[in-house]
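Each of the next two complexes has subunit A plus one more chain, namely subunit B in the first and subunit C in the second.
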Partner chain A sequence: MHPRRGPRHGTAPCSLRTPLTRRQLRQRQAILSVLPVIVVLLAIRAYPIVTAAAKSLTNWNGLFTSDFVGLANYVRLLKGAVFWKLVRNNFVLLLNVPIQVFLGLVVAVLLHERVWGWRFFRSLYYIPQIISAVIIGYLFRTLFSMDGPVNIVAARLGLMPVPLEWLGDTATALGVIVFCLVWSSLGWMAIVFMGGLSAIPDSVFEAARIDGAGFWRRTFQVAVPMLARVLEYAVMLSIVWTFTGLFPFIFSLTRGGPGYETTTLDYMIYIKSFVSGVNLGEACAIAVLLLVIILALTVVEMKATNAVEDWSE
Partner chain B sequence: MRKLLNIIVLLALVLGLLLAVSGCAKKEPKKLTVWVPARDAYIGPDEQKKAQEEWYISQAFRRFEKANPGVTVELVAQSDAAASHQLFKAAAVAGNAPDVGVLWSGQYIFGIKDAIRPIDDLVPKADLEGLVGWETVREDFKPDGKILGYGAYAVTLCFMFYNKDLVQKAGLDFEANPPRTMADFDAALEKIKKTGVLPMVFDESFPWFNLQVAVYWWYQLSGPDRIIKDCLGEEKFSEDKGLLAMLDYYHALWKKGYVNRDAATSTDYWAKFLQGKAAMTAGISTTLTEALAALGDENVGVIAPPDMDPNSPYATGRVVGGTGGAVVVSKNSKNPELAVKLISFLCSKPESLELLKHQTFVPIRKDITPAEMGYAPGSVQEKVFTYKDNYIYFVDNILTPGVVDEYYKLVPLVLVGKMTPLDFAKAMDAKAAELKK
Partner chain C sequence: MSRIRAASGKLVIFLVQCAIALSFLYPLYFMAINSLKSRPGYYTNPFALPRAPLQFVNFGAMVSQFKILLLFRNTFIICAATLALLILLGVVASYAFAKLRFRWSQAVYLAIVITLFIPAQVTMIPMYVLFARAGLVDTYWGVVLAYLAQFIPEVVMLMTAYFRSIPNEIIEASEIDGCGYWQVIRHVIVPTGRAAVFLTIIFYFIVMWNDLFIPMVLLRKMDMRTVMVALAGLIARYTGDPPYQFAGLLLSAIPALLVYVVFQQYIIKGLTAGAIK
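Right, the complex of A and B next:
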């Protein structure tokens, strides 16, 4: 018998020659298509995360000292008052998310309904998004300094006889940062919602208007339920950004001060790594804890969105 | 015969090839990479506005290359001087640290000594004798500690600037009668305040005044050994009476309204002083030119801080200062001899004088006189020059890494009364204990 016409059953070589089904082929193509991205992601994301997690269990000084210390870094952090202050600051700054969502939604619906001058306002709202975060930080620092425009205007209007040191007090300093974050991200949020709104037929809003629904009802009883997934995406990204992306704002606005009153977790990682540099193992431990917090918040947020979607159905 | 000829030709070819290879090896250029902070070191504030080829340091490297054929020096400007220590560490771990790094002296380099090549065996004797600042680069400040670099690029001195017009309007003459006691100083500040002028302006969001002036009082009362022991957890900050007394006075300055109310958060003290909005501020020698240009030569005065303890061995007209910079050779350098030769070249008298044309530095060389620098007798510059022989080394360079960062972060809170001196000292104790573990 010609070897190529051998039995078709029972041996491995024969099974290799079995033609792939269309589904198997598609699966292979899919795997091969995403494989390069997965490899790159593993290299630039997973590897540093695993390394940081491993280093968080050491007393790594950034050089050649890297002895295993178990959970000592975590224990020290969690026992110390400073870490909890950083967590508090991050959670206070999360206030920017609901404000951003609310204002972003209002702006998006207004622009979607093409109010007078909507093209101009669409560009105007997006401008802060294209300005460097460091410049925005310095801008707000100048605005809210003791001799800054905010105090001058407030004094002229008779609102504040004594100038306020906005950045010198915990509450007002955090408030200024929240304001700064909302101002700089409002355009992004509005654009995201506008993208979601564009998928909703105009007839839906038209019908609501004919039924007598005012602006607020159209926004919160028509738009919001239909934007559940967009909302989820926007909220989740904003939460992650609030925990990981505020460094340039904090650096230029308050440098985390006074004391640790406006220092965030990501800013502390910078301090421990690049300013002090004594115990990079501890910086890694903060990074790991930050990751855990973000993952937990993401899970909570996703569950909440699913619940909201269930209700709306 | 033919075989012999072939062998001779082959040998000639091999010999020629070997000669060519050895010739290439001889001509192989040596390259030094040098990290320099983009500000407050070899690159002055005015130079940053110019093209890189016009910077002093670029031109100095070209002169070194000319004097050493076959050598090239690559300049890498580091934007963040503080972060460059960590970057230097990271590069050392990766095995690609630059040959030479311009860092900060004292604890900043002691903390990364594993990445630095000691250069005791390479420093010329003439440099050891002719330059100041070796104590700041010897490991752990010990007289026999390993030399981790050159205390370069200049002696930086901290003192108090004053606006002569504003001070004279208060009926004071700091030239003839500078305040030498704390009582005199308080009385002077009160007189200035009564004229409606802000007596002092400073920004403590990064505690410049504290580090440039107030620590002088701590040093005077406690001494350097006690400060180091506090940092190492061998003694307690909270039991250091010198520190507590300094912090009490530091807060009192703010409480009595002698300094700007927003000192803990402001960032424009220098502009305010130059605009004549305050009578005094703390400053360093490198900013003298700018002050003279803004306020006029006749209107700028300088004084040393008053003494908290006139009987202290560290009293009487001293100022905080020293060679705050350190030029080090990395362990990764393949040409440490050449690297030291470059540093020595930068510290030579001709190069020091050339550098002084670009920036207002107090030179690290002992053989440069005020006259050689063009300072007129009795001028402010000459007065600053005299402080060179009588400084106490930067206290923040004595504080250990980790402890110093806590100090930077928390001391502004003491100024504005949001933290008591004792609570601050306890927080410092906690940090020192944590690092001791």
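Right, the complex of A and C next:
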């Protein structure tokens, strides 16, 4: 530390004229530095959130009708069958998270062995994240269409007497979406886990190997407990993503159909406001509920990981 | 003996990796071979290699009828403007959070980061109405502002983390040498923290290139649309002609893939450090 100096640079009279100390100058610079970001966020993120919450209590149609209706939108939503179908869909689609974590761990441990070509494989597994979900969704829709490759192969192998309409049935359509989500984010998961693994000293795995632990035990009994932090990070991001990031997948795979069988909460906001946009108040109510669900899940997830960590200590 | 076992273990791992790699490559290969077929050619046998004559006409139609180059231009304009603003605002704010301690800086930082959890769909309706009133719907600026607000918290997080590791001594030394606020940013912060700036450019270019929701809602004019918005429309309209659509999907995936192939080391490093999602 060198002794604090006055503003030596610039013109000397300047420091006489402005009685700003270096500290005050810093404060002012700092506030001006963060101001643009704050203004942007207040105008384009905070203001809309508050407006959405306020408008969820009205029968707003985007134009002039905007009468206060109390909790009517929420009551109608929570009493109707459609809303619970959307919630069900979101929770079914959450299945992609445990599958991804499991496969991601396996792939990460395989990569961590650093056999010949592992850098190439690692780069390759991440490619689905570089391709738009619009493209991936359409690709999977084509693969699983009535006259598509999956049905052709299944028929040739004699697995199915009649071609299956994969995207026309609730269970199989949700299954295809989960499969698509796993395929597209597995590489991300594996790379994040690899980052965690490389922080574990090699001697730990070496010792486990000498003690006779096979591949699966090394993965799930040695690596997993040491990856708690990374696991928490990956699981939390994946859960939030499942509730907020599926729009392009749903749009290009099923458009939420048949009916609302594969519509998620975030997709419903789009339908209610930009496809059949008459009751924006209700769309705002769904938006608020979605936000509440995300925040609640985040809290639960954090509590759960803390509990696991306490327990394992 | 144990050496043989270790070697055979490695071989098994290698073969398993090859199998996984195949499952990632096959769908892309499928798209590529079928983009060169005619429509009947696709329906006769989607698994076969395309036969002569190769249907480059599918790609030609993408350029002449679908005007994919115009769509590329639109997307590039939006990406470039957003990235410029993201970096300007991001660098300046992150410098303040990392190096100029100020009152409430922790609280303000936290408030900014919390907005990360707000999905675009939740704010879209009031934002659309706000933009409509301000005349920002059907302009590139509307999309740029929406992206800026969506990505700036993450960029600030990323850059603040990198800038914190810049030693204070360098900044102090440059101030003693007479560097003012902007000169410190230009000569010290940006050059030493260039990895963060670079990562921001690469990563958010790819994210914006692939994004659908924000531009789809804010851009309704046909010749202003981004690539993915136009593709989403194409997919919805001609369901019966996969080769034509595959050609469009492949072409539109190329720019992001190229960026990835060239800069993958940076992206993977950023991912491993948990700096980007």
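One rule holds in what follows: the second predicted complex is superposed on the first by the 266 of 313 C-alpha atoms of A that agree within 3 Å, B and C clash if a C-alpha of one lies under 4 Å from a C-alpha of the other, contacts with A are read in each partner's own complex, and residues count from 1 in each chain.
Keep in mind that, in the parts below, a residue touches a chain if its C-beta (ideal position, glycine included) is under 8 Å from a C-beta of that chain, and two chains touch if they have at least 3 such contacts.
Treat the numbers as computed from the prediction; the structure is a model and nothing was measured.
Novice: Who does A:300 touch here: subunit B (first), subunit C (second), both, or neither?
Specialist: So A:300 meets neither subunit B nor subunit C here.
Novice: Would you check which partner chain A:279 touches, where first means subunit B only, second means subunit C only, and both and neither mean what they say?
Specialist: In the superposition, A:279 contacts subunit B only.
Novice: If we overlay the two complexes on their shared chain A, which of subunit B and subunit C does A:75 touch? Say first, second, both or neither.
Specialist: Touch status of A:75: no partner.
Novice: Between subunit B and subunit C, whom does A:62 touch in the aligned arrangement: first, second, both, or neither?
Specialist: The answer is both, since A:62 touches subunit B and subunit C.
Novice: Would you check which partner chain A:292 touches, where first means subunit B only, second means subunit C only, and both and neither mean what they say?
Specialist: A:292 sits against neither subunit B nor subunit C.
Novice: Answer with first, second, both or neither: which of subunit B and subunit C does A:33 touch in the superposed model?
Specialist: second
Novice: Determine, under the contact definition given at the top, whether A:168 touches first (subunit B), second (subunit C), both, or neither.
Specialist: A:168: touches subunit B, not subunit C.
Novice: Compare subunit B and subunit C by how many residues of subunit A each one touches, and report the one with more.
Specialist: C
Novice: Which partner does A:20 reach: the first (subunit B), the second (subunit C), both, or neither?
Specialist: neither
Novice: What is the shared patch of subunit A, the residues that subunit B and subunit C both contact?
Specialist: Touching subunit B in the first complex and subunit C in the second, residues 62, 147, 255, 273-274 of subunit A appear in both lists.
Novice: Quick one: which bits of subunit A touch subunit B in the complex? Just the residue numbers, please.
Specialist: Interface residues on the subunit A side: 62-65, 76, 141, 145-147, 165, 167-168, 254-260, 271, 273-279.
Novice: Provide the residue numbers of subunit C that touch subunit A in the complex, in ascending order.
Specialist: By the definition above, subunit C touches subunit A via 10, 13-14, 16-17, 20-21, 23-25, 27-28, 30-31, 43, 46-47, 89-90, 92-93, 95-97, 100-103, 105, 108, 112, 115, 117-130, 145-146, 148-149, 152-153, 156, 172, 175-181, 206, 209-213, 217, 228, 231-232, 235-236, 242, 245, 249, 252-253, 256-257, 260, 264, 267-268, 271-274, 277.
Novice: In the complex of these two chains, what residues of subunit A are touching subunit C?
Specialist: Residue list for subunit A touching subunit C: 2, 5, 8-10, 26-27, 29-31, 33-34, 36-38, 40-41, 43-49, 51-52, 55, 62, 107, 110-111, 113, 115-118, 121-128, 130-135, 138-140, 142-143, 147-149, 152, 183, 187-188, 191-192, 194-195, 198, 230, 233, 237, 240-241, 243-245, 247-248, 251-252, 255, 266, 269-270, 273-274, 280, 283-284, 287-288, 290-291, 294-295, 298.
Novice: In the complex formed with subunit A, which residues of subunit B make contact?
Specialist: 80, 82-83, 85-87, 89-90, 92-93, 111-112, 114-115, 205-206, 260-262, 264-268, 401-402, 405, 409-410, 412-413, 416, 418-419, 434-435
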